[in-house]
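Two complexes follow with subunit A in common, the first pairing it with subunit B and the second with subunit C.
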Partner chain A sequence: MDISEQLGSATTQDEVEPFLELAPELVQKRRSQGRIIWDRFIRNRAAVVGAAALLVLVLFCFVGPYIWTLNPDSLNALSATSTLANPTLAHPLGTDDVGRDTLARAMYGGRVSLLVGFISMLMAIVFGIGIGSFAGYYGGAVDNILMRFTDIVLAVPLYLLLFVLSAAFVDGTPKSVIFLIAILTWTYAARLVRGEFLALKEREFVMASRTIGAGNFRLMFRHILPNAAGPIIVNATLLIGTNIILESVLSYFGFGIQPPTSSWGSMIATGESFFDVDPFLVFVPGLLIFFTVLSFNLVGDGLRDALDPQMTER
Partner chain B sequence: MGRYIIRRLLQAIPLLFLVTIFMFTLIHLIPGGADQVIFNPHLSAAGRAALRARFGLDQPVPIQYLKWLGNALTGNFSFSFGTNQPVGDILKQRFPATLQLFVPALALALVIAVLLGVISALRHGTATDYTLTTLAYIGICMPIFLLGLFAQEIFGVWLHWFPTSGTSNYATNIDPVSAFVDHIQHLILPMLVLAISFVGGWSRYMRSSMIDVVKQDYIRTGRAKGVSTSALMVRHALRNAVIPLITIVALDFGAVAGGATITEGIFAWPGLGLLFFQSLAIRDYPVLMAELLLGAVFVIAFNLIADILYAVMDPRIRYS
Partner chain C sequence: MGEYLLEVQDLKTYFKVKAGKVRAVDGVSFAIKPGEKLGVVGESGCGKSVTALSIMRLLPQPPAEMAGGSVLFDDQDLLDVPESTMRKIRGGKIGMIFQDPMTCLNPTMTVGKQIGEALRIHLKVSKDEAQKRAISLLEQVGIPAAAERINSYPHQFSGGMRQRVMIAIALACNPKLLIADEPTTALDVTVQAQILELINGVCSDFGTAVMIITHDLGVVAGMTDRVVVMYAGKVMETAPTDELFANPRHPYTLGLLSSVPRLDEVRHSQLRTIEGAPPDLLKPPPGCPFMPRCAFARAICRTMPPLEALPGNSAHFKACWVDVTDPQEQAYAEKRRQTRIEKVLAATNAQLASTQPVSEEK
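Moving on, here comes the complex of A and B:
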């Protein structure tokens, strides 16, 4: 039947399956888009494991200190047995060279690392969306200038630029490290968003909205951007992992978080000299970084598969 | 094709100019300029002023930039503030060490990544696939310095298989053969660490690329026509699947001037990365600028090479 007949009929569903209401068990309730994505995500076991691990890690870092109430900064360097100690009941992960409890330090350091990773990701994504959306939507000269700007930032090798900028701007507080990482990692998101916008702005729904009078900003952020959200979300999740690694590299080389604040990276830096005597000082923060980034990667890959519109629905 | 290359080259030159301006501004924003770090703290004010004039630090930054640019265009990158050596010589001295580390690491990583990716793709969904994917994730998610630390500890300190830093043991410099062997022994650990950091991402990319290619119709046609599986996989699937990976490798190779920075820092390998750390510490502007410029030149050049390679290997791109 052609369009006019279809539009005329009240329920298209009945036209295709006229006796469906007589067999209710055959009716498949139409799932919402969010439900479809959720179901696909749940079926990916690795992604679910990653998400669970993330939950445990976040609880460990943010709720843990209320349960394990030792002060991570309380020095206890008076006796030889209280420094560089092996795990005991009082200090399940041992102590470091000045007697601080490693478990408490891991929790507080985790707060810093996770927050730095997350907030720098948010800033990078916002900035990337800003630049990418304008470049993709307006095209032409605006696109040229913005992409040139992106190319300039990308032309310098990342680690060189990272260290130079950290020497210039970072004063050891998490805030400056967040800014630094954000201004170096927005470029991929910008390119991604630009590509999505270039593709989506030619679609009919954009033309339709424009016809009824939607302005540019409204089109960009109320119509096109939500449709581009899939890849952006995937990129954001993976970006948190990258940012956590970048922050740990910075802190390890002494360019990032400075004492008294400590993050997992700076814990590795201070613990490195005692690796032979007390490997826990390196293994605890190191493996925490590894599992955090791994979990973010698993979740990001799971989201990518769940949000992929080209995957055939099984 | 020729016109495409020329056009890209012409676009790259203004980009390079803009990058140099960007970098010059950046390093001059670093607090504690060269005079505070290098000059003798007991210098009188007049002496300090004279030294600043000698290093050209008393002029406004834009003038300094123009002077630097004029010199750079003729190939003169001035002298290092710290060691007074001509910067060009310093770079020429250090660059081979970085190349020695980087090229074998990337070559090894490419071979391993292709192997792992293909095996993973062909055994898609089986236990082998999961094991290899897990290994790849370890490469991606472990920070490089941690890998380096663990490698140093395990292979250097516990097993005593390889030395943990430097390029050579002076005691073995007596005859060329043992010096060479000793050099290789020092090279292996940092090279492996660098290779592992690349293998993770590349093998995943190869795996997904191979999976996409194997689903294609021409593979099915080949099987229908009776081509053996191995010939099909190697001559048809692999060849097509490797194309996107090669462009990624070319792009990653562009980081040669700065990509091994962390590895060199951990293993004290005297290449450009270590030079970078040292000059950053003493705010040695000429060396920093020259190194950043070299890095940017390589990145831009290899971006171009990656695009050209892609067009060469995939004829569909050429005609679009």
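Moving on, here comes the complex of A and C:
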């Protein structure tokens, strides 16, 4: 290859390169809003780890029992060796004081804990959005009444009220615990939504939608609420973690989920008295709670960053 | 329906604040014929936008207070009709576009949905039908590849394109009147002309009357049929556009016109301005609000002159006691201007003289 040829190829490359660089940008379809948020979330390593851990935990609780088919409630108390057993092949995480398989119980307990956390979050968020959006949008007397009501609920010591109410009303089924947690945790969501509505209702696009004849409900739920979705989703994610802990605390003190149904909290409560003999009974549900809540918090933080409109498009 | 599409009579909009009442709009009257293009000009804070928002009844009450007057539209007084009727008029019969297209579109909704929304509210069309019409509207406001762009979000559009989308939204239901509140202020100069042309063209096609609010006299000169000049919440002068520019009869209009920089003027000559600042609308001066800044001011100006037609020209109205074309009045004004300049000069010199020793000591 002689020099002129080399020069020739170099120049053509120089001339072609910039166009090649530009071309994909021009051809490529613009990323949608959702795609941008997804890309940002994926780039946050901690959040991805959290999300992966959550996926594993959900599979563990909801698919696991189909693979590990031992009955969590079957008693093996007849043989002395199978109560409070150390991990063996038959029972990878050992057994409890009446010979029930800890692994199977952790799976079923996790179902209850996750469901209680998730459903009570949903209820709390829906209620919080209802209260917060009306208070924030209408302002004035409506705001005053709704927010003072919220303040009252907030002012009551949470755990005290939880214990009193659960002792009086909770019959130990997951449903009653979900209700109890939901009616005490909607307050933060309500305040958050109210704040978002207060700020967003002054925005020009709300005024602009008013000029095309949009009514109050359309403004509230079609225009303002979607713009508040980011903070609400973040709050919801974090709330699941909080609610799982609340459920565990309740069950630990014997006010929550009642036997024979188990949750991670009630597993800790029963395992506690055998801690010196078989620490697994406490560590297994304890660590599961720990990792679940940690994962939810990591995902929540990741979502907060990904959904933040102030963040520049990356 | 009478001769006019919109008739604003003695409109008064006050704002209650701690210190009292701000008379933002204080007895404004004007009218728009079907298909007419009306310009409303005035400096910042003179009540142009508040007038527009009062017509649309979009001011939060309180603090705003509709203290009086009427807004006749389609034989209805918009200040009296129930909110449900008003909602049908907004977007259905009166469209509105705002100054800043960057903030006026909902960032979480596709532009197609936002254009279709007005159609869905007023004409109760199906989703598919709304999308179809949104595409044709987008084409009409000059956005290429409308069928694809319909699913874009506002952040994927430039400022000029967003203003085009706003226009499409405002005109979606073929309203009789379009209120444009400084539609080009936030835009690039080159885009401004395009947008004005678009508003002009589309509204002529649709037969829509336009009320365009601006502080840019160039905008008014280019596209309106009539002009209303506002100052401190009052109408100072109103006339057909050509007439107003050729033959201004109010001292304030004179001041506005002479403070526009001109290309054919001698270079480096000083830009003329109107001395002073607009009055505090909390405590407006009795009589003509322009009096404190007016070179033509006389004792009679302490009472507010009525907005009256010029003798011999029933289309040209002014609210001024003085005939500014009278040479005697002009001489009087010139003398007052000179005295003022001398006074200001003397005061400045005195100040300079008193500060000089201090600077020398250093």
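Definition applied: the second predicted complex is superposed on the first by the 282 of 314 C-alpha atoms of A that agree within 3 Å, B and C clash if a C-alpha of one lies under 4 Å from a C-alpha of the other, contacts with A are read in each partner's own complex, and residues count from 1 in each chain.
As a convention for this text, a contact is a pair of C-beta atoms (placed from the backbone, for glycine too) under 8 Å apart; a residue touches a chain by one contact, two chains touch by 3 or more.
Just so it is clear, the model here is predicted, and its values are computed rather than measured.
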{"item": "Fit or clash - subunit C, subunit B, common subunit A", "value": "fit"}
{"item": "First (subunit B), second (subunit C), both or neither touched by A:Ile183", "value": "neither"}
{"item": "First (subunit B), second (subunit C), both or neither touched by A:Ala155", "value": "first"}
{"item": "First (subunit B), second (subunit C), both or neither touched by A:Leu115", "value": "neither"}
{"item": "Partner chain in contact with A:Ala208 - subunit B first, subunit C second, else both or neither", "value": "second"}
{"item": "Partner, of subunit C and subunit B, that touches more residues belonging to subunit A", "value": "B"}
{"item": "First, second, both or neither for A:Pro226, with subunit B first and subunit C second", "value": "second"}
{"item": "Where subunit B and subunit C come nearest after superposition, their Cα distance in Å", "value": "15"}
{"item": "Residues on subunit A engaged by subunit B in the complex (per definition of touch)", "value": "148, 151-161, 163-165, 167-169, 241, 245, 248-249, 252-253, 265, 268, 272, 275-276, 279, 282, 286, 289-290, 293-294, 297-298"}
{"item": "Residues of subunit B that touch subunit A when the two form their complex", "value": "15-16, 18-19, 22-23, 26-27, 29-31, 137-138, 140-146, 149-150, 153, 157, 254-255, 257-259, 261-262, 265, 273, 276-277, 280, 288, 291-292, 295-296, 298-300"}
{"item": "Contact footprint of subunit A on subunit C as seen in their complex", "value": "56, 58, 87-92, 95-96, 98, 100, 103-109, 117-118, 121-122, 152-153, 155-156, 166, 169-170, 172"}
{"item": "Footprint of subunit C on subunit A - complex, ascending", "value": "30, 32-33, 203-205, 207-215, 218, 222-223, 226-227, 229, 309"}
